[in-house]
Every structure is written in C-alpha cells, then in structure tokens.
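Notes for the one structure printed next.
Chain lettering (A, B, C, D and E) follows the sequence in which the chains are written, and residue indices restart at 1 in each chain.
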Amino acid sequence: MIPTPKVDWLALSPTLALLAAAGVALLGSVLVPLWARRGFTALAVFAGFVTAGVFAAIVFDRSAEGKSLIAESFTRDRLGALAAIIIAGAGALTVLVSWGEHRRDHAGEYYALLAAAGAGMAFFVTAGNLMTLFLGLEWFSIALYILCALDTHRATSLEAGLKYLIVGGFGSAILLFGSALVYGATGELGFSRIAAAGDADNVLLLAGLAMLIAGLGFKASAAPFHMWTPDVYEGAPTSITGFMAAATKVAALVLALRILVVAFPEQEHLWTIAVAVIACVSLAVGNVAALVQRNVKRLLAYSSVSHAGFMLIAVAANSELGGRALLYYLIPYGATSIGAFAVVAARERELAAPVTLDNLGGMGWERPFLGAAMWVFMLGAMGMPLTGGLLGKFYVFSAAYEAGLWWLIVAGVIATAISLYYYLGVIRALYMRPEAELRPALAGGSPPRDPLLQSAVVIAVGLTVGSFFFVQPLIDLARDGAGSLPF
Amino acid sequence: MTAGAWLCLLAPLCGALLITALGESISRRTAAWISTLSVFAAFAGALIAFVDMLGRGHEEREAVTTAWTWLAAGEFHAGLSLLVDPLSVTMMLIVSGVGGLIVLYSIGYMDGDPEERRYFAYMSLFVFSMLMLVEAGNFLLLLVGWGLVGLASYLLIGFWHERPSAVAAAKKAFVMNAFGDAAMALAFFVLIWQTGTLDFAAAFEGAGGLSQTFVDLVALGLLAGAVAKSAQIPLHTWLPDAMEGPTPVSALIHAATMVTAGVYLIVRAHPIFELAPSIADLAAGLGAITLLVAGVIALVQTDIKRVIAYSTMSQIGYMFLGAGLGAYGNGMFHLMTHAFFKALLFMAAGLVIHHLANEQDIRRMGGLRQAMPRTYIAFLIGSLALVGIPPLSGFFSKDSILASALASGGYGRLLFAAGLAGALLTGLYTFRLLFIVFLGEPSALVREHDHGSAHGEGPWTMTVPVAVLTVLAVVGGWVQVAGIWHPFGEWLDPIAVGREHLALVEPTVTQDYVTSVLAVGLGAVGIAVAWMIYGSRKWSVPRVPSVQRTLEHKLWFDELYDAVFYNPGERISGLLRRGVEEPLIGGSIEGVTLGAREAAGALGEAQTGYLRTYALAIAAAVAVLVVVFITVQ
Amino acid sequence: MADVLVWAIWILAAAGCLGSGLAVITFTNPFFSALALIANLGSLAVLFLLASAEFLAAAQVLVYAGAVMVMFLFVIAYLGDRREAPLAGGPSWISLAALVAAAALLVEIVVVIGLKAGDALADEASVDASFGSPGEIGRLFLTDHLLAFEITSIVLLIAAVGGVVLGTRSEAEDEEELARARA
Amino acid sequence: MTTALIVLPLAAALLVWVLPLPGRAAGMLALLAALAELVLWVVAVAGFDFDQGLQQEDRHSWFSDLGVSYHVGFFGFSLWLVGLTIVVSAAAIGYALWVDRERGRAYHGLLLFLMGAITGVFTSQDLLLFYVFFEAMLIPLYVLIGVWGGPRRLRATVTFVIYTMAGSLLMLAAIIVFGLSQGTFSLPDSGTSSNEWVFLGFLAAFAVKAPIFPFHGWLVDAYREAPAEVAAILSGVVSKAAVYGLLIVISKFDQSVLHDFQPYILAFAAIGLVYGSLLAFRAPDIRSVTAYSSMAQMGLIVLGIFSLTTVGVTGAVVQSVAHGLVSATLFLLAGMVETRTGTSAFAGLGGMARGRPAFATVLMATGIIALAVPGSVAFAGEFLILAGVYTVGWGWAAVGAGAIVLAAMYMLRLISAVLHRAPGADVREDARDLRPFELALVVPLVAALLFLSAWPASVSERSFPGTGSAEASE
Amino acid sequence: MRGPDVSWYLIVSAILFSIGAAGVLLRRSPLIVLLSLEIMLNSANLALISFARLHGNHDGQIFALAVMAVAASEVVVGLGLIVAIARKHLDLDVDRLRVLRG
C-alpha cells in the first residue's frame, strides 16, 4: 500500500472548481440539447469562475502563512490566491463578453476549454517546482492553442492557432530544456530547494535560468519573445484575445516573480538586469510598433507587450514593493485589457469585419456608452488619472527607484510618452474623425443589445476607475500577496 | 488742499467713465459738455488747492495724501498717494486750466464728428492721466500717469482710425513712449533695489547714499523717459507724426501739457539730477541740440501743424536746457508761458484748418488775414510771444533761461550760444509760417472757402478759448520779470530739498539785460529775414537741394530708426520664424514623429508573418542571454 | 568487457539518434520524416535504458513510438498528396540565421557542459537496481508527484478535446463551403 | 470647503453627462454650476485669513504605504489662481452656451470637468494628487480641442497632449524620487531636496506647460485650433498650472540647487520672452499673436519666480492673474470675431471699430491692459517681476523692459489690424456689434482687470503672508 | 555507471536539441516542424533522464514521463490544426501563413 499524501483540497479548490466547471460544460456540450447548450455551458463556466474566485478569496484569507505542499508541487499562499482571484475575475468577464458571439459550433467546448485554461492558470500561479510549472504552463497553453484556432472557418484563426502552437511549443521546449539544466545543476525540482542546493555560479544553473526566463518571457509576451503576440491576438476570437491579454500575463508574470525570487536569490544580480533589459526592450518594441497599427486588436496586442515591459520593471525590482507594484498593476491592467477587447468585440459583431481605426470612426457618438468605456480603457492603458493605470505605473516606478533602477523609470517615461500617440489615436478614431470620413456601420442597423457584454464593460470600467480611488484595500491585498515571497 | 487735489484728479476720470458708461444714451453734445465740465471742475479743484496753499506758510505747503496701497510686495509698498506742493499745484493749474479751454474749443472743432463721444471720453481720460502724472506722490504713480498720458495720446492721435497714417502715427508715438517708460522703470528698479522705496522724499534721501554709478543710472533712466515724452532728440520723431490727431489734441497734448512732462520730471526729480551732474548736463545739451535741429527742420515743413510741432520741440529744448542747468524755476516758467502761447498757436491754426475744411498744407494757403482777421491777430500775438518779443510772455521766460545759461560757466556759454541761434531760427520759421498763411494774395483754396464773415471765424466755443489764451499769452509772463521781481520762482522754492533756493544758477542783472538784448535782437532779425523772403518776397528762398532734402526728411531720423531698429526687428522676427520656429521647434516635432514612424515601420517589417522568424527571435535571444549570463558570471 | 559492449551500444544508439534526428529535418517527405522520428525515438529509448530509465524506455517505445507516431503517420496519410514539402526556402536570411542560432545554442550548451564536465558531471550517484523501475516511478507518481500525474491526464484530456474540436468540420465551414460551391 | 470647490464642477459634469438634457439646457446647467462655484469661492475668500499660510485644508489618507494622501488647501496665491480659474471657466462656459456648441452635453460636461481639475491643481498639497489633477486637465482638453477644434485639430491635439505629457511624465519620475526620498508625498510635511535631477524633472513638466522656450512647439497649433473658449482656458488658466508648480518647486528645493539653475532658467525665460514677442509681432492672426504673447508673458512670469525674491514671486502671481484674464478675454474676442467674419487672420480684418463701439471698447481696453500700459494690473505685475529680477542681474530686467516695448508693438498691431483702417475683406457691413450676452461674458472679465488695475495690491498683498514667506526668500 | 558518463549523454541531448531547433527554424512543412518540436522535447527528456541518473533521484524521470504526455498532447492539437488547415484548402506551408503580420 502506497501512502498517498494528504491533499490540501482548499488550496486546490479554485483549480478544482474550474475543472469541475470544465467537466460539466464538456458533458453539457454533448448531453444538453442544442438550444440550451450554449446557455448551460456558459452558465456553468461562469459559475465556475465565480466559485473559483470565491474559493481563492477564502484561500487568501486563510493563508497568512504560505506553505509548500506535496513535495513542493504547489504552494498555498496569498500570492497564488490573489493571482487566482484576478484570473477568475478575468475569466468571468470573458464569459460575459463571449456570450454575444453566438457561436454555433463547439459552443460547449469553447466554454469548457475556457474554464480549463482558467484552471490551468489558477494552478500555474501556485506551482512550486519545475515540473508543475511546465505542466501547468502546457495545461493552459494547450487550452489556449485550441481556443485561438476554434473559429476553424476563419483562416486567420487557424493561422493564429498554428503560430501560437508552434512558437509556443518552441518556447516550451526551451523552457523545458532550461528546467532540465537547472535540475541537472542542483538535482532538485522544487523552487526553494533549488535555492538551497544551488551553488551560485554553476554554469548549468545559469544557462537553465536563461532558458527559463525566455520561456516565461514568451508567455508574458515580453520582447523579444513577443513576436507571436500580435499575430495571435489578431487572429484569435476577440474574447479569447482579451482573456489571453489579461489572464495569461497574470499567470506568467506572477510565476516569473515567484520562481525568480524563490529559486534564484543567489543569481539576483543577473536576472534583475536581464529582466530589466527585457522590460526595456518590451517597452521600446511594444510602443513603437504599435504606432503604425491600424488594426485595433493588433494595436492592443503591441500595447500588451509594452505593459509586459512595465510589469517586468516591477519584477526586476526584486523587492516587496516590486511585488506589490506588480500585483496592483495587474488589476487595472487586466480590467482595461478585457474591457478594451470587449468593446472591440462589440464593434466587430456590429460590423462583421475586423475592427480597424478606420471603421471605429464615430463609434464614440453612435454608441456613447461603449465609446466612453473605450475612452476610459485607453486612459487606463496610458496611465492617466482617474484610472488605476496611473497608480500602477506610479508603484512600478517607485519600486524601480527603490531598487536603484532609475534608468528603468526613464525608459518607462519615454515609453509612456510614445504610447500616448496610439492610445490617443483610438480615442481620436472614436470621436474626432471628420464627418466625411465616417463610414456607416457595415452590418447595418442597430445590433442586438448585448447586456452581458455591457455589464462586463461596466465591471471593467468600475475596476479601472475604482482601482484609482480605492487604492488602500487593493494595495493591502497586494502587500499580503507579495509578502508571501521571501524577498 | 488735498481735497482740492482729489477733486482735480477724479473729476475728469468720472467724466470719462460717465461718457463711456452712458454710451449712446446721451447726445454727442451732452458728452462734450460732460467732458468740458469735468475738466473745469478739475480746474476748480486746482484753484481750491492753490488758494488754500497761498494761505499757508512756506513750510506747510507740502502734503501727501494716500487713498490705499496701490502695490505692495515684500518690503516694497507704493500707495495711491498724491503729493500736493507748489510744483504740482502749478502743473495742476496749467493742465486743467489750459485743458479746460482746449476741451471747450473742441466742442466747436469736433462738432459733427460721428464719434464725438469717444473723443471726449479720451480727452477726459487724458486730463485725468496728466493730473495723475503731476500729482503723483511717488515715482510709481508718476510712471502710471506717465504711461496713461502716453495711452491717451495714442488714442487721440489715432482718433481718426480709418486713416492709416493716423494709426501708424499713434503706434509710433506709443512705442517710443513705451521705450521711455521702460527706461524709467529701469531707473526705478535701481531705486527699489538700493533704497527700497519709490516715495519721492525717501527716495531722494536714499539716493544721497548711493554710489555715483547708481545715481547716474537712475538719472539716465529718468532722462530717457523725459526725452521720449518731451520729444527731444533722439526720441523725437513721433511728435511731428502725432499731428495726425485732431488739432485740439495737438494743442493740449503735444503743445501745452504732455510733452512738457519731461521738464516737470526733471524738476520734480531735481535732487537726483543734482547728484548726477553729468546727466543733468546731458539733459541740457540734448535740449540745446533739439532746439537747434527742430528749429532748422521747422524752416522747410509745409504742414501748418508740423511747423508748430517742431517749434514745440524747439521750445521744450529751451526748457530742458534750463532745467538741465539747474534753472528749474525758469524752466517751469517757460513751460507755463509756452503752454499759453503754443496752445494759442495750435488753436488758431485749428481755426484755420477748420475754416479750410481740414486742409493743412501751407502751400495752398495764403492771404487769410482778410478772411480771418481776428484769428490773424491771435496768431500774430502767439507768434510774437513765441519769438520772445517783449512784453509778451515768451520774452520773460525764454530770456530768463538764456540768462541762466550765460550764468553757468563755460558749458553754459556754449548752450547760451545755441539758444541765441535758436532765437534767430524761431523768428524765422514762426514768421515764415505767419506770412505764408496770412499775408499775400488769397490762394485758390482760401477763396473757395471764403463764406464771407457771416459765419464768423468759428463758433463761440472755439473763439472764446482762443481769446482767453491770447490774453494769457500776452500777460502770462508778467509774473516774473528778470532782476525785478520773482514771485514765480519764490512760489516754487519750497520744493527745494535741503537748500535755500530751488535754482542752482542765479544770473546777475547784467547778464539778464545782455541776454534780453541779444535774444530779442536776433528774434527780430529772424522776423525781418522772414519778411524779406516770405512777406515782401524781396529775397528768394535760398536753394540748396541737398540741405533741403535732408531737412524735409527730418535729418533722416525716421529712416535711421527704421534701418536700425524696425527693419532688423522685422527681419529677425522673420528669421526666427523661418530659422527657428519652423525648422527647429516645429521640425523637431516632425522629426520625432517621422523617426518614430520609421522605427515603427521597421519593427513592422521585422514582424514578417513567418512564424519561423518568431521562433528565431526567441532562439537568438536565448543564445544571447546564456552567453551574457555565463560571461558576466 | 561489459563496458565495451555498453560503450558500443551507446555509440550506436547515439549515432542512430542523431542520424535519425538529422533525417527528420532533412527529408522532404513528411512520411519519411515521421519514420525517421520513430527510429529516433527508438534509439533514444536505448539511451534511456542505458541511463537506468527502464520504465521510461518502455514508455518511449510503447506510447511514443507506438501510439503517437502511428497517429502522425495516419494524419500524413490522410493528408495524402500534399506530402512533399521543400527542404527549407523562404527568405534565405531566415535559413542562415536559423542555422546560426541553432549552432549557437549547441555551442553554448556544449560549452556549459564542458565547463562542468570535469567535476560535477563525472561522478554519478550510485543507484541500486530498482532505480528507474516501474515500481519506483509508480510510487512517486502516487506520492510526491501526484499532482504532476493528475495534471498530465488533464492535459491529455484537453488535447483530446482539442483534437476532436479542430479535427471535425464545423457548421460554419460547411456553410462557407456551400457558399463557395454555389459561387 | 476646498473639496467642495473641486467636487462641485466634477459632480456637475457628471450630472450634465448623465441627464438627458438638450444642449442648451445642459449649457444653462453648466453655467449655473460655474456661478455656484463662484459663490463658493467668494465664501472661501471671505473666510480666508491672509496673514496665515495654508488654510481650509482637507486631508484623508489615500494609500498609506507610500505616504500619499488626498490633501487640499489654500494658500493666499492659490486662492487667486482658483478665482481666475472660476471666472475664466464661467465665461468660457457662457460662451459655449452662446455659440451653442454641437453635442452640448458632452461639451459642457468636459468644460466643467476641466474646471474641477484645474481647481484641483491649484489646491493640491500632495505631490501625487497634484500630478493627478495636472494630468486630468489633459483629458478634457484633448477631446475639447480634438472634437470641436479647427480643421487642423487632430495634429494639434496630438502634439499638444504628447508634448505636455512627456514633460509631466518626467515630473512623475521626479515626484516619485522626491516623495520616496522624503518618506511622504505631502507638500507641507516634506522638507527640501537637493537632487538636481529631480529638480530638472519638475522643471520639464512646467517648462512644457508654461511653455518656456524652446518647449513651445505645441503652443500655437493648440491655441489656434482650439475652440475659442477652450483656447481661453488653455492660455488663461491651464498655463498657470505651471506657475503653481514652479511656486511649489522653489519652496521645495535647497537654495543651492535653485541658485545653480537660476541663471539658465532665467536665460531661457528671457529668450522665451523676447522670442515670443518677436514672433507675435509678425504673427498673421489674432490667435497666433495671443498665443505667442502668452508664451512671452509666461517667460516673464518665470523670470519673476526665478528671481527668487519676494517681490518677483509676488509679481509673478499678480501677472498670472492679469495675464489669465487678458488672454482669456482676447481669445473670447477672437472667437467673437471669428463667428462674425469667419476668420481671425489680419489679412481679412480691419475697420471693425466703426459702428461697433462696444466691441472696439472691450478689445481696446483688453489690448492696452495686455500691453501693460502703466497703471494696469499687467503693468503692476511686470513691474514687480522686473524689480525682483533686477536684484539678480540688471540685464534680465533690461531684457524684460525691452520686451515691454515689443509687447506694445505687437498688441498695437493687433488692435489696429482688427479695429482700424478701412474695413477688411471679411468684415461685412452686417457683422454686428457685441450682443448683450456676449458683453455679459467679456465685460466682467474686463471689469475684473480694471478693478485689479485700480488695486493690484489686493492680490499682491494677499498672496504670501507677511513679507518673508516660505515660498520665497531674499 | 557503465559506459560513457553523463556529459556524453548531455552532449547528445544538446545536439539533438539543436537539430530540433534547426528543424523548427528551417522547415516549412508544419508536419515536419511538429516532428522537430518532438525532437526538442525528447532531447530535453534525455537530459532529464541523464541528470536523474547523475543525481540518483527519480524526479527527472518522472518529469520526462510527464513531458512525453505533454508532447503527445501537443502533437494531437497540432495535427488537429493541420487537418483543419488542410480542410480549408490552405497550403501546408508555414511560410504561406502570413496573413497576420506587421
């Protein structure tokens, strides 16, 4: 008889809730009659995300002391729980946004895979060793590969899926090889054991670290590992793009912070600089490339690259304040991403065509609510006042200053200044195009009301703006979350 | 005493505001009377102050009254204060008295102009400003008045704003005066910096403790302001152009009051000028140069008002000469008599112009004596006073200045000679004008406008002031007869700070007599020559084309300033636009935009769409990262 | 003696492994590439075996070379006549850069290993015979690595769903097809 | 009290946006709110003790870990700047109501929002809060110009926003460094800094906002393309945020730092003064002249502030108020000219004085105050500024005095080109004089200027308590 | 350990990894790219197993086994995608999939 380990079910509950939702949805997509299938699965998955969020909140509440479980397979701590809350929130909003897509094929599977991806992320952020890291990564990645390609009737969707899959597979392979090297150098898979075992200047360990950073950078779509991002974001179904932009980044960045801080404290002098440089490159590439984009999804994709840069600044700070900054930043960032893509999705459904800056023209006046919301999201992405984006940047820069990385502040400032051009470009498209340039909506007529999408947008706006006014509670959460790591 | 001063100051302001506020709800005539009455009320206030002051002892004739703190910052305070002393009361009387007459004259002169209301509001504003200038209790308020008279002058010169020449002349006057204002302000900054105050008494006291450089700077700044305002060389070119304004304006502002403010300033600030003798000498020298140059230029002018304007410059040159040499009382005396006879001349000229329907070119005039006999008399008296023929007012005042010059050493003798030459010129140009305009055969134009004497020579509102001034031009000089009695000088004496007498130079009786003989003689010679050339036409006008052209171009001052200041300024402005603003300031934005776009384009190229390149980027980045980690380690 | 045999087998396996690997990426016909991969997996299994990973060697052959590659071949067969694929192509700078990058990675890893070869990599831990046996692996999968085991199954499930979803025709595609046919 | 002044316009903005009113009614509501704000301000003034420093404070912690709080309050000078904001904004809202802007709800809401943000800037006592309001001003401005502006508005807005943001982002960096090294972001609680980079960071924001030469690339386009009333707020009030910022800066840095940078800042300010004046002299339309003159005036104000003397700083405050009112009035008048003639280019204007006495009087009055004729409040401000900067070096004052002459030249040129000479090609006979409503908008502004001209000490004496204020030292 | 020591395994693994990488970077057929990815994953497996032997713990082997499953998953999804692409009558050439770019 093999003594099976005692499993901390509560710690796993967010993941399990989502897995359960995925299972129910999967069953539903076969068993429930066609007319109710979409509703049933969507509801189940929405409930799954909400439950996961609630569970994660409970975990957060009850995990003042972080601990590793099952031979460092995963960690029960506030960092993971907070990240799971954000991911669950992103997922729930994504369900709301997705509803109006009226997907005929694979509707059930769509939601099931969404829940599965969410579950993978919720687990991934708690991963405690290299193996669960890799598995968690593949878990949600594979789900996302499928989701990206799910619109099989669209060639771009398939192209996006294949690109994501192959480049992602390549990135995973590198991450894996890096894990192998780290394992080889230390003989350990668990993060804290790696730190304990490592001799600091073991070249195997360093090569492995480099590859790990690359693999996680890929997921966070940090430059120069970002090149899949615009293509995939453009090709994927828009709601999924939003989910990827928000949730994948949460997962990748939180885990990057966790593994770097926990497993590689001795190599701090190397990876902080590496991450800082990657952050700079991301800022530069993301913002500059976005300047000439006409396709709004693509523009937002580059914007997400640049935001990865900002958040990597917080990681590079390698401090409690940096952790706080990262976790705080993720909240308004996630809300703006999902919200912005939701608005794009709404426009897309209205036009039945890809949304570009040109056919966005006049939307601000035609659809005042969505227009104003998009405005708020763009302000949030710019880091303007009255949105949490400003304070996110404020915290990130503070962390950089505290860590002595003042040049990152300069880089961030320049990047923000550049970014204004394209964010303002969106607002300009919404409101300021001369009447002559405005083209009538292609699909004609007013589209059916989509209260769910609108409520998602309302929530996103609320989060974007609310995170500005109610900083203290959020920053308390972030502090508790960041406190889980041994800075 | 102070109540009178306040009444004097505020009455015209109220008049101006009233006319502006009531706008079109009152008739033009009512507006004119509001203005006139307000100025006469000011005169009444001045009289009250004067009478009150007469009843006091010499020590009690000075009072400062403050309404509120006008400007304060840090340690620096300047109140809205009036200084009432014999000097300011003298000026108040002249300004409001002559001003009242001229405003009254305007009622007739401006009758029928569609914008009469605006005119009278401006006139009241001017009188207020001028009174503010002369009553100011500190340098800051003096500067305020200084600036406001410039403003009113601008408004009135440009009153006929549809004439481009009038607008240009107004701008020119204002800008040149602004230059003077700025120079004065700089002088005040030195005072604030060094003494912390702009109150007259305190500043004079503080100035005593300053180094010579600072005192010179202050005096120089004040002098620059005075020169600009009084149209002395080299800041004189605006005055002839200012004749674009209505004739009463020329009489009031550009003859009787504003332009003489420079003299007032020198007298008011005499302690500073005494501390800076070289600057005072400079003032006297500038006056001498101006009186000669203006006199010469006046010889060739063909516009009736311009001739008088140059004559004004010339006469103010005398006043500067006197004030610069320390003969303050004599300078002020000439200021007063000049106000009378020059206002008279302008208003008489105004009658002529009015009569000839706004024609000002003397070449088209002639023989007006028949048509306008009384005007001729008035003009003749004014001219004689101007030339300084006894017993008219100009004789007393001008000769006393020249005598002072004679009395003040070597430099003074030089100036004395200049003054005498000026006297000759005065006679010449004055009577050239008189003979051309009034004598000889009536010209075509004059005949055309000869309506007979049925209409008289003008409405009573115009003729009465002329009459009053004619009397004043005759008797105005009798308040001081050199070597016999000096009530005017004694009246002003209390403003001497820390000294027995105001005047620094006291000519002897002999000097007085010598001066009188020479000056009158030369004036008479000038008249005689003018008679030979223009009256009896026995002599032809001497022709020296180059000289004539030079004089007609007013010694090329305008051209010089255009070449040195205006044109370079305009060119620099254009150069800055084309050389800095567009290529650098705008171009930098263009450049950054272009650069960013190109970079973005390059990144877009790199985003080839080949997924292999995406993987390649990752592989390359990993390769670099590994190398860096290992080598850095 | 046994050592020599082991060396010989190792060298053969390694050579086969590398050779078949090269073959995979050089064949123009995916079918042959897939076959080469099977050879590659087989020779890897030998190396696994030599490195005391018996269970993995078995799994490699059964699961990987057997099941997975069969599916591969099936798909290749299904795709039929589009089998021929050019060796490389596209912009030549990509190929060049690709080779450089791959070579750089190789050199780096080899250098890294070489740097460590002297000390840490020379002395393996001594292990008993049961090392790598199915029993040991199984025990770990149910204790320390329980989660990994479960997650593996989840990943496979997701992939299966994905395969089904992507592999089957959708209504939208049908409609599009129909539309194209009509046109 | 202070919070009420900030919140009232913001709340009114929300109300205007949310209530489904027709445009005109929304405008009325906005105007009402602006007038109510004015009343509130008067109450604030009445309750203010000018012998004390910071007053009428509200303070709540915002997030405590970095020591950031919502902290607002008034200094004497900020009271005047807020008053300026309210008066100009009210006039602008009134003007927008008068011309009946399209999409009135959005427009008036944005104007109110802008008003609230500016009020916030002038009352912030916490650096981050200051930054928040400073940036928040841009949000409505971007849309106001971008949607309702002239034909080249898109370019103008982008340039404007990116330019200003680039500066203020550097300030954000500086704020972070300052706040973290001080341990608090609260202005009253923090000491002075000696970090020159931080100083430059702050300076960058204000140099662009003011603007100081050579950071004025955004200026003319923005002023020319904006709707008239927005241009009025932009040049009249928004630029004064830089003044407030610089006043903060000189109180929060060591004297050594300030004195190190003083010559350079004075030099750039002086260059800006002359440069702006020269370009204004040749600018082709009312708005460009006003724009460049704004630049020149801001250079002058910066001269005053960086004289680092009480006199100069006080002069800067006076001049800020004066210039705010003047340029707001001028832009509103430019708008009125444009609605009548369709242009503000001098080439098509002229002769508007004939038959339009009210317009002529108002423009003339504003113009002559703008050129700082002695006795005007602008003169008072300039006089103090130059008197202050004179003690630093006579050359600065000489340049300033020279610029006064230039100011006279370009302002007179403007006045003449609009009012005088023969009627221009675009001035039709039926272009009417100012209507009573328009008069009701500009006359209060001019009246305020005249009042201040009669009594500039009302501001200058009541800006800094006592003589040796914390903001400036001898 | 009989036979070559761990470094030799690793060198094989490294070469294999590079071969796989080169395959992904060079080949245009998505099928062969997938196969190359498999080679990369397998090279990692070889490294893991060698290190497991080196350290004498099973973690590496377990990891390798998990990787096998993941590799299979990727293959399944990849093949599904390729089939879907083929069904759309698109070229099976990754270089032709560049609608999305810029």
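Keep in mind that, in the parts below, a residue touches a chain if its C-beta (ideal position, glycine included) is under 8 Å from a C-beta of that chain, and two chains touch if they have at least 3 such contacts.
Computed from a prediction, not measured in an experiment: that's the story for all the values here.
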{"item": "Core chain by centroid distance, with centroids computed from Cα atoms only", "value": "D"}
{"item": "Chain whose Cα centroid lies at the greatest distance from that of chain B", "value": "C"}
{"item": "Most extensive contact between chains (C-beta pair count)", "value": "C-E"}
{"item": "Chain centre separation (chain C, chain D; CA means) in Å", "value": "69"}
{"item": "Inter-centroid spacing, chain B versus chain A (mean Cα positions, whole Å)", "value": "77"}
{"item": "Chain B and chain D: spacing of chain centres that average the CA atoms, whole Å", "value": "36"}
{"item": "Chain B-chain C separation of Cα centroids, rounded to whole Å", "value": "101"}
{"item": "For chain B, residues that touch 2 or more chains besides their own", "value": "604, 607-613, 615-616, 619-620, 622, 626, 630"}
{"item": "Residues within chain C bordering two or more other chains", "value": "90, 94, 97-98, 101-102, 105, 108-109, 112-113, 116, 120-121, 145, 148, 151-152, 155, 158-159, 162, 164-166, 173"}
{"item": "Multi-chain contact sites of chain E, meaning residues that touch two or more partners", "value": "10, 17, 20-21, 24-26, 28, 34, 50, 54-55, 57, 59, 62-63, 66, 70, 73-74, 77, 80-82, 84, 87-88, 94-95, 97-102"}
{"item": "All touching chain pairs, where touch follows the definition stated at the start", "value": "A-B, A-C, A-D, A-E, B-C, B-D, B-E, C-E"}
{"item": "Residues of chain E that touch chain C when the two form their complex", "value": "1-12, 14-23, 25-29, 31-32, 34-36, 38-39, 42, 45-46, 49-50, 52-59, 61-66, 68-77, 79-84, 86-88, 91-93, 95"}
{"item": "Chain A-facing residues of chain B, complex", "value": "596-597, 599-601, 603-604, 606-607, 609, 611, 613-615, 617-622, 625-626, 628-630, 632-633"}
{"item": "Residues of chain E that touch chain B when the two form their complex", "value": "21, 24-26, 28, 94-95, 97-102"}
{"item": "Touching residues on chain C, where the partner in the complex is chain B", "value": "90-91, 94, 97-98, 101-102, 104-105, 108, 111-112"}
{"item": "In the complex with chain E, residue positions of chain C that touch it", "value": "2-3, 6-7, 9-10, 14, 17-18, 21-22, 24-25, 27, 30, 33-34, 37, 40-41, 44, 47-48, 50-53, 55-56, 59-60, 63-64, 67-68, 71-72, 75-76, 78-79, 82, 85-90, 94-95, 97-99, 101-103, 105-106, 109-110, 113-114, 116-117, 120-122, 124-127, 131-132, 136-137, 140-141, 145, 148-149, 151-153, 155-156, 158-160, 162-167, 169, 173"}
